[in-house]
Structure formats: structure tokens, C-alpha cells
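Below are two complexes that have chain A in common, paired first with chain B and then with chain C.
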Partner chain A sequence: MGLIKYLHIGRISFKNNLAYKTDFLVGSLFIALIIFILINLWQTMYADRAVIEGFTITMMIWYLVMTESIVTSPGRVIEQMGDEIRSGDIAQKLNKPYNYVLFHYAESMAKSAQRFVLTFLFGGIVTLLLIGPLTFNLNHFFPILLVVILALTLHFTLMALISVFALWLEDSKSMHFIYQKVVFVLGGMLLPLDIFPDWLASIGKSLPFSFIAYFPAKLFVGFNWNDFLILIAKQIGWILIFVACTIIVYRISFKRISINGG
Partner chain B sequence: MVISIKNLTKTFKIKHKKEGLKASFFSLFKSHYKQLHAVNNISFNIKKGEIVGFIGPNGAGKSTTIKMMAGILFPTSGKISILNHNPQKERKKLSYKIGTVFGQKPQLWYHLPAIDTYNLFRRIFEIPEKEFKERLNRYIKLFEVEEIVHQPVRKLSLGQRMRCEMIASLLHNPQVLFLDEPTIGMDIIVKKKIRELIRKLNKEEKITIVLTSHDMEDVEQICKRLIIISKGKIVHDGSMKDIREKYLSKKRIVVILQDKVKEISLPGAELMYRGTYKHALEINTKETSLKESVKSIVSKYNVEDISVLDPPIEEIIEEIYQR
Partner chain C sequence: MVVSHLKLIIEYMKINIATAMEYRFNFIVQSLSMVANNAIWILFWWIFFQKFNIVNTWTMNDMIGLYAVLTFSFGIAGTVFGNRRRIAEVISEGRLDFFLTLPKNVLFHTLIGKSSWFAFGDVIFGLIMATIAFQWWQFPLYFLLCTLSAIILTSFAVIVSSLAFYMGDARSTSRQLDIGLMSFGGYPLSIFSDTAKILLMTVIPAGFISTIPVELLTQFQLKWFLILLGFTLLIFVIAIFVFYRGLRKYESGSMITTRM
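Up next is the complex of A and B:
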């Protein structure tokens, strides 16, 4: 019964977002442009070899399409939630019988779904035209979908957790910036972690950020059921840890909220 | 007792920056905090069906009090009981029984028609469909928003949007309604309409209403009871009639004349402002009759426009302090 509320929040958010369809389109087209640049870059890298760290060029580009689509689709959650907490606009959400963070989760997942499809579509078209298709077994569609949903959930949970610190810091933009760069590098959005020196790769693989981009995208370009099961177990594990942190931090910090305007 | 507040205090810590480069540099390592008593040891009770106005200048602590009553802010000390709930501990439970409208913080989805938000609230507040439809239709008629609720909220005027906001807060049949600055930024005609609706809600639906405003007229026209709050303290708690007799005996008469007059003179009146065409006088209605004064001005001078105003709330508070 309780969860139906959040489904409806997601639905109305989906509808509301349609007003931003041009923004979404432009954003996704921009990612497609980045994919185009990356294709050119990697083509020079692959000029004298067929495989780099187990990735063929086809795998590499499809890997990047996947990481870009996952990481960019929720948008600026930290800025939005952080500003709402800091400015006191949160007041209008706290007086309703729902959980504040879950409200934003529903909202964010609706947005992510819309943007993920667009970005993956545009990035995919560019890749398909310039590089060619990925060998993908349609039986793996639902497992990959599940992995992507869990990746977006983990992504959101981390951002929701970071947002609370807007109460202490003056600016949530900088937090968004730092988090984004960490995911870019240690999450494996820019490069598969295998390309890094061993010590850095193993740091990246043991941190939660790689379960947002690196592992899901690697599974997408080279599926195997064993890896899939290990991945979702670890993703769920990380999500549970950060959900617990978020609950604790929000409980403590809500007492500190000062709402502006009188 | 629907609302019971006892020794409520809220202190904010505010970062205090000293002037100068040197001080700015040191503030990087150690911040100085100033204590601000937004609400300072206030107590009051509100009975079922009452309609109470909180009034005070900006920053007096009225919104802070309302937000603590709604469970959104945590008090530094003191006790709050709303419908026998502790709003901080039972915020979710309480949210089914109270409604809140914040004039400056919209709850309707901006790009969608209000009706979409209402349908969402039906799910969020778990309102049975039949009851929901009945209530929605009644409010749509009462607030005269038949067509408006089907238009995207962003296209509505301020007054139309406020009416839609109020419906959103009423759908789950709250027993208490908190209105924080419901008329802020509206013109006189729209204000009048909103005030009328608030009065109707209290009278016909028997909803206990607490509202804040910095507009004396709001409270004068809507509320039977008035709590004046200034610098976090209650400076007066009593019936509207009381206040009017005690403090609103002074009236301002502002006249715009058609001819240049050096000085407008009227027995028993104090001259407040002297311009070329515009003049302002203040009278005490206990000593001088307002009717007679207006009559005498109109007969003596060539009047283009005349209006009678209450002194601003700040002056009333000052007067209360002086007594």
C-alpha cells in the first residue's frame, strides 16, 4: 500500500518532466557528441592493436555509451536536494505522509528512465553508425536492466546522502562537482578501471562508485551469469549500507534544519 | 484543546562575520556564532473551531512558530501538542490531520494542471475515491476554479494559484489548517477574495484555522482572535474587538486635493504629512469622530481623493510596548 504512493509520485514526475523535453533532448544529444569524440580518440588508440585490457574497440565504445547513460541520467540531484534542504523549500515536502528521501528517489528514477533511454538511444545510434553493433544476447536484456536499475539506485542513494551536508556547507554545487569527478575517474565512467595501474584499479574496484558505472557497463559488453549474480549481490550490499547511513544522517540533521522566511 | 503551546523557544545559531580582511581570514578557522531567539518562551492555547491570526513585523517569529506546530522545525525547548500529537515525534501521523499552505512555498507541480496534484494527493493521503470526488467537487465550486484546475499551474495568476494551493491542503479533510502568509504579494481585490474563502472555511467546514500575516487588514477581516508577536515574544493575545478598541482608535486620513493648500487644518487632528496636493492627518476616534472629520474635510476643501487607513502594525506594537 505504502509503495503505491511512490509509484504515483514517479508517474506525476514523469509527466511534469515532459515540459523539459527540449532540455533532455539537448542534454542527450550533447552526450552523443561526446561519444563521437571518444570514438575518434579510441580509433587512434586501437590503430595498431585489436584488444586493450580485454576490450575490443566495439566493446570499449559500447562500454562508454553505457557508463555515460547511467551516470548522467539522474541529473543534478545533489544540487536540487541540497538547495531544497538549505533554502527551506523542504517544508512543503516534510508535511506530507511520505518519506522525504523516497519521494526524491521516485522523482529521480522517473527522470533517469526518461534520460537514460534518450542518451542510450542517441549514443547508440552514433556508435552503431561509426563502430557497429555489439554482440548482445537478448536473453540478457532483463538481467542488464536490473543491474542498471540497481546502479541508478546506488547512484541516487550516494547523492541523497551527500546532499544533507548542504546544511553545513554554503554551496551544494561544489559537492556535486567533486562527486561527479570521483565517479568519472574511480567509478570508471571515463575509462574502464582495468586500464589504470593495478593499485589504482583495485582501489576503484573496491569503492562503491565502480558499482554505478564500471561493473554494470563491463557486464553489458561481456555478459556472464556468474558475474551478474556477484554484481547484483554487491550492488544490493552497497545500497543497504548507504541507505542505512542516509537514514541515520537525515534523522540527526533534520533537527538542524532552519527554514528561511520568518 | 486543539493546540496547546507551552514555553516554546527556538534559538537559531547564526554565523557572525566581522568586518575587514583580517577578520575574514580568521573566520576561515574559527566562526563566531550569534544566538538569535526567533521564538522566545511563548505559550497559548487554541480551541476547536477558532480562527486565530498571528501578526507581527517581518522576522518576528510567526512563521517559525507555525513551522514548529506543523512539525517541520524542531523547537529548542518547550512543549507543543496539536490534536494530542507531538508534531516532531509524530509528524507523519499528524500530517493526515492538518493542512498547511505556505504562501511562498508552492506544493503544486509547476508544469501540470492542479488536478494532477490533487490526484497524487489522493494516493499520498490515502483518501477513498468517493470521498475524494465529493470533496474535490465541493471545493472546486466553493473556490470557483472549475476551469482553472485543468490549466498548467505555471499559467495561473497568483490569486488563482493560491486558491488551487488551498484546495490541495484541504482534500484530506484536515481538522486544523495552517496558513502562512496566504495573501502575500496579492492585490487588494484578490486579497479580499482569499479572505472571504478563509472565513467561509472556518464557518461552514468548522476547520480550526491559524494564519500568519504581516498585513493588519488580513487579520482584522478574518480573525476573531489575534496574537501579536514581536521579536519572538507575544505582546498581545486577545480578541480582535479588544485590539480595535485599545489600539486601533487612531485612524489616518489621507487626502489628495485639487488645489494647492498650504496647510490643511482640522480641530483635534494631528498633521502627519504635508505635500503640495497630498496631506495626511491622524485622529483619535475616541476624541474626534471619524465621520465628522471626513465630513468637515470634504466640505472645507476641494477633495479629489480621500482614504482612511489604520496605522501600520509596527506602530501598534510600539504603542503596546509604551503602555
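Up next is the complex of A and C:
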């Protein structure tokens, strides 16, 4: 039975999300709008040059489609989990026969899968129409899929870890804002880290956020088996570190929760 | 009439300040997080300009000016008219009843019904950026242009939220359109194609909330100031018209609410 229940949770979450089609469509269409803005910005920058730090304009925009799709697809996990922890609603979930964090992971991954596909599709259509296709070898489809799944998992573990601090900070929305913007910039979502000044690029590349956006998207626009193997090893390493941190922090934090009936 | 509504704003502000002081820690955390949030955008542009120096005649100082206008206007709109992003929710859930039964202008009262603490962080950040980007003698014009920008932001939010009168649930759509306006406003108009520029000066009036005010502050042109003034007036009138037209279709949720 073990992990099967989490598959069922994911399946239910998947179906629930389908019930809110408009919300989903509008959210993904919004990302297409952002891609449109970024295309305009980069067309200006590429007006007098063909390549910037190894990126052609086609590579640059497809890179951004990939980073936007990964980073935005899980939604507001910190807010959702943080609010449950802060308000005490978590009590209703702790007495259920499942692991609280794994429950949210299953829910989040189901939602992310749907949103990722839609966002990538809408962003891709805008890019195809305004910029053109990316040269992509179909043999690289499954390795890229694996990298994206690991990126989403790492993204989730970081958000799950941060959300527990709602117990002390009492405001999950603020934490979501800050985390989101750190991934936007230091994770390389808005700009490839190659464009950063060297010292800042080194910092960005050594932080876990870049394994959510920068490295996966760079691999997508310029695939290389060696880079792929190094990337998945590092992604798994970071995931294990944050899973361990999450387990420890949740154990300590849950001792602070007192359930007074209901 | 005007005086009584101004008094109402002052009373609401007093309540909001008292609430903020009661939950001081949350107020400080939310305000500071918005300052940090905006600072990260400045970091993004700093990295960008380190690499490219100039974007279609725009420099880093112009971008700081743009953020000074955008965040301060957004902050003012959020502090005074904090409910502007919740109108669609209020309509969809039938919670407009509360405002309909009181002897004040329904739209005005709904808008000032809440104040955002995050927006206070925007006000602080906008002022800090303004001290970097502008000279002291530019501040009267800066405040005037930000006021116009805040009116446009609020009017746009009212128009898109009024979709709820027709669509039923327009929360997501109105929110995304509103965020879209802010997103476009965060970039100089000069990077966009001519067709996009027309859209950004009409349907999604991002040009009027950031680029035009910044350009007026760096090089004042009476023609563009009058265009901005005219557009502000136009969108303000449209917002009132659309809201009250939609209100005829409003159906009460018969919800009993307690406002604390």
C-alpha cells in the first residue's frame, strides 16, 4: 500500500485541478504574456548582435520558456502549507494515515505536471510564432523530462522546508514573495547566470536555486550527456540534503503544535 | 459630499493604522518583505545594465526612476484603495450587500474598505528609489504623476473586477489582468513593437503608469502631460460607468457578514 496512496492523492488532485479549467488556463496564459514581454526585451538586445554569452535569441527565449514553466508551475506551495501550519489547520491532516509532507508533494506534483504542460505549450506557441523553433533532438526528451521532474521535486522540498518557518514568522505570503524572487534572479529564471558578473554567477551556480531553473533550462537549449549526468547527480544530492533538513525541522516544529480538540 | 468622503478615508486610515499597530510584527514583516521583493527586481536590472549599459536609450538611473514611480503609485493605490484587487471576490461572493446598505458611494466605500500592509512597503521603497533617481525640485511633479498613476491603477482594477458582474467568478481573470498591467509597467515602453505600444497605451495602459511619468520627470513636455491627464480622467469615468452598469446585474448572496 505504502506509496500507492500518494499516487491516488496525486490523481485526485489532478482531477480537482481539471474542475478549475479557467483558473488554470488564465494562469498559463499569463506566463505567455510574460514571455511576450521578454521576447520584446531580448529582440532589442539582439538587434546588433547574434550571440550573447553563447545564447542565440532562439536559445535565449526557449531557455526562458523552460525556466518560467518549471518555476511557476507548482503555484503557491509556501503560502498553502505555511497557512495550514500557522493557522493550526494542519491538525486535521496530522491525524490522517499519511505523511503530511508527502501528501503535499503528491498534490503539488500533480498540479505542477498540468501547469507545466500548459505553460510550456502557451509560451512555446508565442515563441514559435515570434522567434521560431529550437533545434531539439527527440532522443533527449526523456533525459530532459527526468531533469524537469527532479527540478520540480527540488523546488518543492525547498518550499516545504521554508513553509514551516510560518510557525515563527506568522506570515507565509511574505516568505513566498522573497523565495519566489530569489529563484527569479539567483536561480536564473529571468536571466541565464552566464550574463551575471562573474562573482555573482559563481554564487548563483553554487546555490540550489540554479538547479531548479538555470541548469535544467541550459541543458534543454544545449543538450550534452556529460552535463546531463552531472546535473542529475547534483539535483539528487540537493534533494537529499533538503529532504533530511525538512524531516529534522518538521520533527522539531511539530513539537510546538498543540491540538486542543476541535 | 467630497468632504464627508474624505473624512471617511481618514477614519478608515485611523482604523487601519490602529490594526497595523496591534499586529505590529506582521505589519513590519509584510512591509519589509515588499521592500526586499522590489529590491530583488532592482538587482535584476542592475545585472542587466552591468552587461548591456543601455536599453534603447534607457539607463539604470531611468529604471530606478521607473521603479520609484511604479512602486510608489502601486503603494498609494494599495494603502488607500486596498480593496481594489478584491472587488471581483466581493461581487462573486455576494458581499457587496454591506456597502449597498450604507449612505456612502458604493464603489468608493468598497475600495477604501481595506488597506494592504504590503503596499506600505511599496510606498517606502518608491520613496527611497525617488531620492536616488530624482532631484528635490522634481518631487512635486513626482507626487502629482504618482497620484495620476495610482488613479489609473485603481480604475483599471475596477474595470477588470467589474467583469464579475457578467462572468460570475472573475477573480482569476481580473487578478491576472491586474498583475499583467504591473508586469508590463515594469519595462520601458521603448522595448516594445509599435503594435504592442498601442495596446500598452490603451487596453493595458502600462505606458501611462510608468514610462510616460518617468519621461515627463526627465524631460517635461506639456503635450504628454495633457495626454496623461486626459487618459486618467477617461479611465476614471469608464471605471465608474462600468461598475455602476454592472451593479444593475448584481445578485445578493444574502450573506451575513461581520466586519472586524
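Heads up, the rule we're going with is that the second predicted complex is superposed on the first by the 256 of 262 C-alpha atoms of A that agree within 3 Å, B and C clash if a C-alpha of one lies under 4 Å from a C-alpha of the other, contacts with A are read in each partner's own complex, and residues count from 1 in each chain.
Just so we're on the same page, contacts are C-beta pairs under 8 Å (C-beta built on N, C-alpha and C of every residue); 3 or more make two chains touch, one makes a residue touch a chain.
Since the structure is predicted, the reported quantities are computational estimates derived from the model, not experimental observations.
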Chain B versus chain C as contact partner of A:D227, first or second or both or neither: neither
Contacts of A:K181 with chain B and chain C, given as first, second, both or neither: second
Chain B versus chain C as contact partner of A:P197, first or second or both or neither: second
Contacts of A:L41 with chain B and chain C, given as first, second, both or neither: second
Contacts of A:K5 with chain B and chain C, given as first, second, both or neither: first
Residues on chain A engaged by chain C in the complex (per definition of touch): 22-23, 26-27, 29-30, 33-34, 36-37, 40-41, 43-45, 169-171, 173-175, 177-178, 181-182, 184-185, 190-191, 195-197, 200
Residue numbers on chain A that touch chain B, as the complex places them: 1, 4-5, 8-9, 12, 15-16, 18-19, 88-92, 94-98, 254-255, 257-259, 261-262
Residue ranges of chain B in contact with chain A within the complex: 12, 58-64, 67, 70-74, 91-92, 95-96, 98, 100, 102, 104-107, 109-112, 116-117, 119-120, 123-126, 180-181, 212
Residue numbers on chain C that touch chain A, as the complex places them: 25-26, 29-30, 32-34, 36-37, 40-41, 43-44, 47-48, 50-52, 55-56, 118, 169, 172-173, 176, 179-180, 183-184, 187, 190-193, 196
